[in-house]
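Next up: the structures, one after another.
Two complexes, one shared chain (subunit A), two partners (subunit B, subunit C).
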Partner chain A sequence: MTDTPETYTAKDEVGQVRARRTRWERTWIELKKAPLTAWFGMIVIACYVFVAVFAGWLAPYAEADSSFGAYLPWGDGHVFGTDQIGRDIFSRMIFGARNTMGIAFATTCLAFLIGGGFALMAAISRGWVDQVISRFVDVLMAIPSLIFALMLLSIFGSSIPSLIMIIAVLDSTRVFRLTRAVAMNVVVMEYVEAARLRGEGLGWIMRREILPNIMPPLVAEFGLRFSFVFLTIAALSFLGVGIQPPTADWGSMVRDNASLIQFAQYDLKAGITPLLPAAAIALLTVAVNFVVDWFLMKTSGLKE
Partner chain B sequence: MHPILSTVLQRLALGLLTLFFVSVIIFSSIEFLPGDFTQAVLGQTATEETVAAFRRELGLDQPAYVRYFDWIGALAQGDLGTSFSGRASSGVDRSRAVVDLVGPRLENTLFLATMTAIIAVPLALTLGILAALYRGTVFDRVINAVTLTTISMPEFLVAYVLILFLASLNPIFPSLANITVDTPFWERVYRCALPSLTLTLVIVAHMMRMTRAAIINLLASPYIEMARLKGLSPRKVILTHALPNAWAPIANVVAFNLAYLVVGVVVVEVVFVYPGVGQLMVDAVTTRDIPVVQACALIFAATYIVLNLIADVISIVTNPRLLHPR
Partner chain C sequence: MSDDLLLHMKNIVIDGFSDERWHPIIKGIDLTLKRGEVLGLIGESGAGKSTLGLAAMGFGRPGIRLTSGEIWFDGKDLMTATEAERQSLRGSRIAYVAQSAAAAFNPAHRLIDQTIEASLSHGVKSAAEAAEDAKSLYAAMDLPDPENIGFRYPHQVSGGQLQRAMTAMAMSARPDLIVFDEPTTALDVTTQVNVLAAMREAVDRFNTAAIYITHDLAVVAQMADRIKVLRYGEEVEEAETQEMLSNPKHPYTKTLWAVRSIVKAAETSDDYVLQIDNVTAAYGTVPVLHNVSISVPRGKTIAVVGESGSGKSTTARVITGLLPPKEGQVLFNGEPLPPALKGRSKDQLQRIQMIYQMADTAMNPRHTVREMIGRPVEFYLGLKGRAVDKRVSELLNLIELDDSFLDRLAGELSGGQKQRICIARALAAEPEVIICDEVTSALDQVVQEGILRLLMRLQKDLGVTYIFITHDIATVQAISDEIVVMWMGKVVEQGIKDEIMQPPYPEYTELLLSSVPTMDVGWLKGAVAARKAMTIAAQTGEA
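Moving on, here comes the complex of A and B:
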């Protein structure tokens, strides 16, 4: 019987190469623990993004190709039939994913740029700058945003750039409120004071000191804002004052085919055609909400 | 002065100030119109004199602040200006006063909103309180799942699903809510059934979730725990300890959702072709009839502000800490 040699030395352990988990490994570990609803949401979002990016290859026909008969039934070359002027509904739904989501995404980014920028400025400068911006935002928020958007659209006209600008500005008020509130808790920290004392400019304090520390609530808010903007654009297009034809878009597709519902008794498939784009909108909103819920629970530890 | 009175007065003053700024914003929106819009309204063939007369009528030859006070002064007397539509390039003026356009439609919208509120508010409060009391049970989970789904749906999807099942497949209710001035009351209620049901579903979902959250928040406070530990009956805990403090959040929830109703009404009116203010506003936006758009925006914004103001006042007046100052 021989003694097993003592292999452990402190020197060896310190000398070992410590394998840190990479960012991807850590993300994967978190993802494995995600609940079913979050997975469902992420898969749905991934599918939507895939369809949106590869719309040109996936769609069997062109976006505004109206060379077919009007109101053709399902099947027979047209998966969901054709609309009132003979455009393939399936193709338009695919292009609609790209247009509606693209516009909503651009709007949300712009809203965050405007709202977040002003909020950080207000939180850092405080004093009268904060007062002026905050009171202005209060007044803007006193008008319901759909009504405000309708009024501004009647003045600037319904083009896609003005649609993006108007909704971004109106939505940035909500972003401003949240960002200012969370940034206010961070600007009083010592390290921000230290940065200020060593003479860093406003831009540095915004980007390097405050922004990294308020990221989680902002990311969650981005998801919620996106689904809200998405619903607003869909509603405006449905009302006929948002995205204009021939650009395919889910809101206006519902409006265009709404009369088909009356024929549901005779042909159920035709009857539910106008509901398809609306259901696509609802599914994406549900998916985003699931993911945001999970993310919020993860980052804030909230259980309720 | 009594602390409640001064707080309420403060809130009212703030509300008036907000209303003033909102009216300034709505008024000044017309300033952003491109310069040649008089021609766009009157048509390409409009003569110099008609254009000049139209510009004079709009007061474009006067400074903006003078026009604002003229506008707000006329507004206070119930004159909302004249519609842009119906004007011809020849100078013949068949345009109608905005008041005549908005008036009857406002009545219709109020009818729809009141009908919805009467159904939705008690229903949502009851469901919300029940869900809060029996939280974690199957009842709570089912209600939560259903309301989350309804919230995520655009209003028009809810509306069309209802039309599909209740008007198209099983013709119970009419899918178009066309009512006129002399439609009898019960006929009106019958025709408004689907639009009202749509709004109810959307609002109840929001209101119920907010009520549930407010009540759960309240039941977690230490004095409720204290009352329970004292051995009071659950009924007494709720009625005499929780409820006095719950009025404020409940009033806020109700007002918030009635204000939400103001916006939801626009989409629903368009779906059901209901002759209300929302439909009028959307039509006016399409034809760029600015005076009508301004009037509608002002009505919606004022309703929104007043509802929020009422909620604030209720939450101040019912606040036990203010009612019994130390």
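Moving on, here comes the complex of A and C:
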């Protein structure tokens, strides 16, 4: 029984396995191949994060310092002038990056925790558990989310925790749908069955068997979801039920100074002022989408 | 160049792109094919068979480039021809039959529309002519109800019928050359015979030349006039079929021939580790198993054979508790096992392990070998840290691999290595029974042999019991002690190997045994004649 043919040994089946590259080497190779748009996106995001983190040092004035004259013009100690009660707009833009992005990030994380968790549970358990959760999600999705958010915010009040909570729950429905769909493809694999036969619990199957295999679409979705949450918060703030003064926020800054736009014919710079926070929102959204596009193309092999 | 030479490939070099470099896949192969001749290409996976077959059509899959050489097809060099010229040949004068007919057909169109598509787009025939011709081709391919079967959709016919419809599709424009790429690999043995016979007949009737790619020697012996053996992108040997079978020259070819050299004397015992007692099971309301009773002797190998749909794998699901039976029970060491997975204790789960057919899907692509084998060690035996590593090393040695595999992912292993890791994962639990579900059928002959030897050695050393589910009679011959023949959810017979393999057989067993190709040039004709005589054939056909 030991006389296996000399041409065959199990070890030699894959002859030349190269030493595995480290994570950094692989990341670097991918980065080098990244298109220009992705680089643009990554640089913009990095700048935003930098500004958000070091807002306290970068801003020339405090967030809620209203000790200046109202509607001061550009220049002269105030790069973008001051707003209707005399706060430095440039400083508020910088603090706004921290507040709006921080809240959006927290909300997106929470949405993924809720939506992803329930989705994996539904995908693994199937049967009635899946039915109950999925139908509940259907009901939530059937109500227009902005109107629903307005209603809930007027019930619970516009504090930052309730803002995060409400938007997270409403957005988690989309995360749920996506996660459940991709997880369904993995759940039927035999390695999941093998884990079940081994007697593994729900937590292990969720975290160790399924999650690592569905990461790419989830990471891409995280980027997009972040953009949407960000826009929702800005929209709510613009409507006056989002982030409340004196906390600086891009959405409410657009609203507060919106009337300035009609003075564009007299002073172009004053007319542009309310558009600045809007442009900041737009730029970040575009940047995130560039990066997500590249990531999606890389992981799913989708061209165009 | 003589006139009846249809295809002449000279010194073909083909590169494939991976890891940002071009690697040679085909390293300078010559190939000639006369009109009406069938050439068999054999070799293990990765030998470059399919790549060479596609190159004969002047085609390279994405990530493949035809680097150098000449491909003369009927006086035209496909290497220098424009893409439009090649396009005009494909479908009309060269056709391709893929391995998976189910994946190659568009599910949204009727069979007949797809069958005549190539003829129409090349303007060979009018639609009405082509449709009439398609019906006669269906008849030639021995498809049931040739007048109407073309109006069905792909999901409404069986796998074997679909594969034959695909051959009809290739034949539609009466090409001079057809490339068959493992067309029967995905089929049951009993179905394979019919498809092979139909293909052979069609090729003979229309005097079509063919390149037949397979890794199954017995099949190629039926189809090919000449055989070419490939390995690592190089030609090993080429000869007439008869010559090649009787007198292989190269040592590698000899090992291919000598594969089924495992012999094992059947032993049995009355000490049953597992007893399946009168089990009836169903998926929803669809009954699958009817009063199945199987007794598994301790420390022996019991083979469960039958074609797909016979209930083999369902039996495994009942044993593991994935599918609780409607009636009956499973006794383990004399004690009844709880019917559902949830009711079983960790200890009971540990005692019965399972190895799957497709090691690819049975291994989590994001786990390293260390994690995969280490987890059951940790989970069942409660070992921690260094003790786990030590045990994993021992297990790797047991399956003839070493510690250099610890940090590899599934994608960095070959098919045989993957299956070995799966075996190690099952062994890690220190089970009494291992259910092997078609564990070798996705592997090459040589690798299969290695795995079977390993399993036998492990049984001798560790005394583990195997329930070996397979449709491959050769494997059964090699390793089993007892055999259970299943058909349509029932046990046809159970007994010691030597008794089952000796006549007289029950009808179904005979059909199954007679469907296994042998390495004998005239086998196909004999088998087809014998099957026609067999009344049972009508019922077991694939419809």
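Observations, loosely collected:
Definition applied: the second predicted complex is superposed on the first by the 284 of 304 C-alpha atoms of A that agree within 3 Å, B and C clash if a C-alpha of one lies under 4 Å from a C-alpha of the other, contacts with A are read in each partner's own complex, and residues count from 1 in each chain.
Here is the rule we use: a residue touches a chain if its C-beta (ideal position, glycine included) is under 8 Å from a C-beta of that chain, and two chains touch if they have at least 3 such contacts.
Since we're looking at a predicted model, the values are computed, not measured.
When the two structures are aligned on the shared chain, A:278 is found in touch with subunit B, with no touch to subunit C. Using the contact criterion defined above for the overlaid structures, shared-chain residue A:258 touches subunit B, although it does not reach subunit C. The partner that reaches more residues of subunit A, of the two candidates subunit B and subunit C, is B. Of the two partner chains, subunit C is the only one that A:212 touches; subunit B does not reach it. When the shared chain is aligned, subunit C comes close enough to touch A:197, but subunit B does not. When the shared chain is aligned, no partner comes close enough to touch A:76: not subunit B, not subunit C.
Judged by the touch definition given at the top, the superposed model places A:238 against subunit B, while subunit C stays out of reach.
Of all residues in subunit A, only 138-140, 142-148, 150-157, 227, 231, 234-235, 238-241, 251, 254, 258, 261-265, 268, 271-272, 274-275, 278-279, 281-282, 285-286, 289, 304 touch subunit B in the complex they form.
Put simply, subunit C touches subunit A in their complex at residues 19, 251-252, 255, 258, 320-322, 341, 344, 346, 349, 353-354, 356, 358, 361-367, 375-376, 379-380, 399-402, 407-408, 412-417, 420, 425, 429, 446-447, 449-450, 453-454, 456-457.
Residues 1, 4-5, 7-11, 13-14, 17-18, 20, 189-191, 193-194, 196-200, 208-209, 212-213 of subunit A are the ones touching subunit C in the complex. Within the complex, the subunit B residues that touch subunit A are 18, 21-22, 25-26, 29-30, 32-33, 148-149, 152-157, 160-161, 163-164, 168-169, 175, 213, 216, 259, 262-263, 266-267, 270-271, 281-282, 284-286, 288-290, 293-294, 296-297, 300-301, 304-305, 308.
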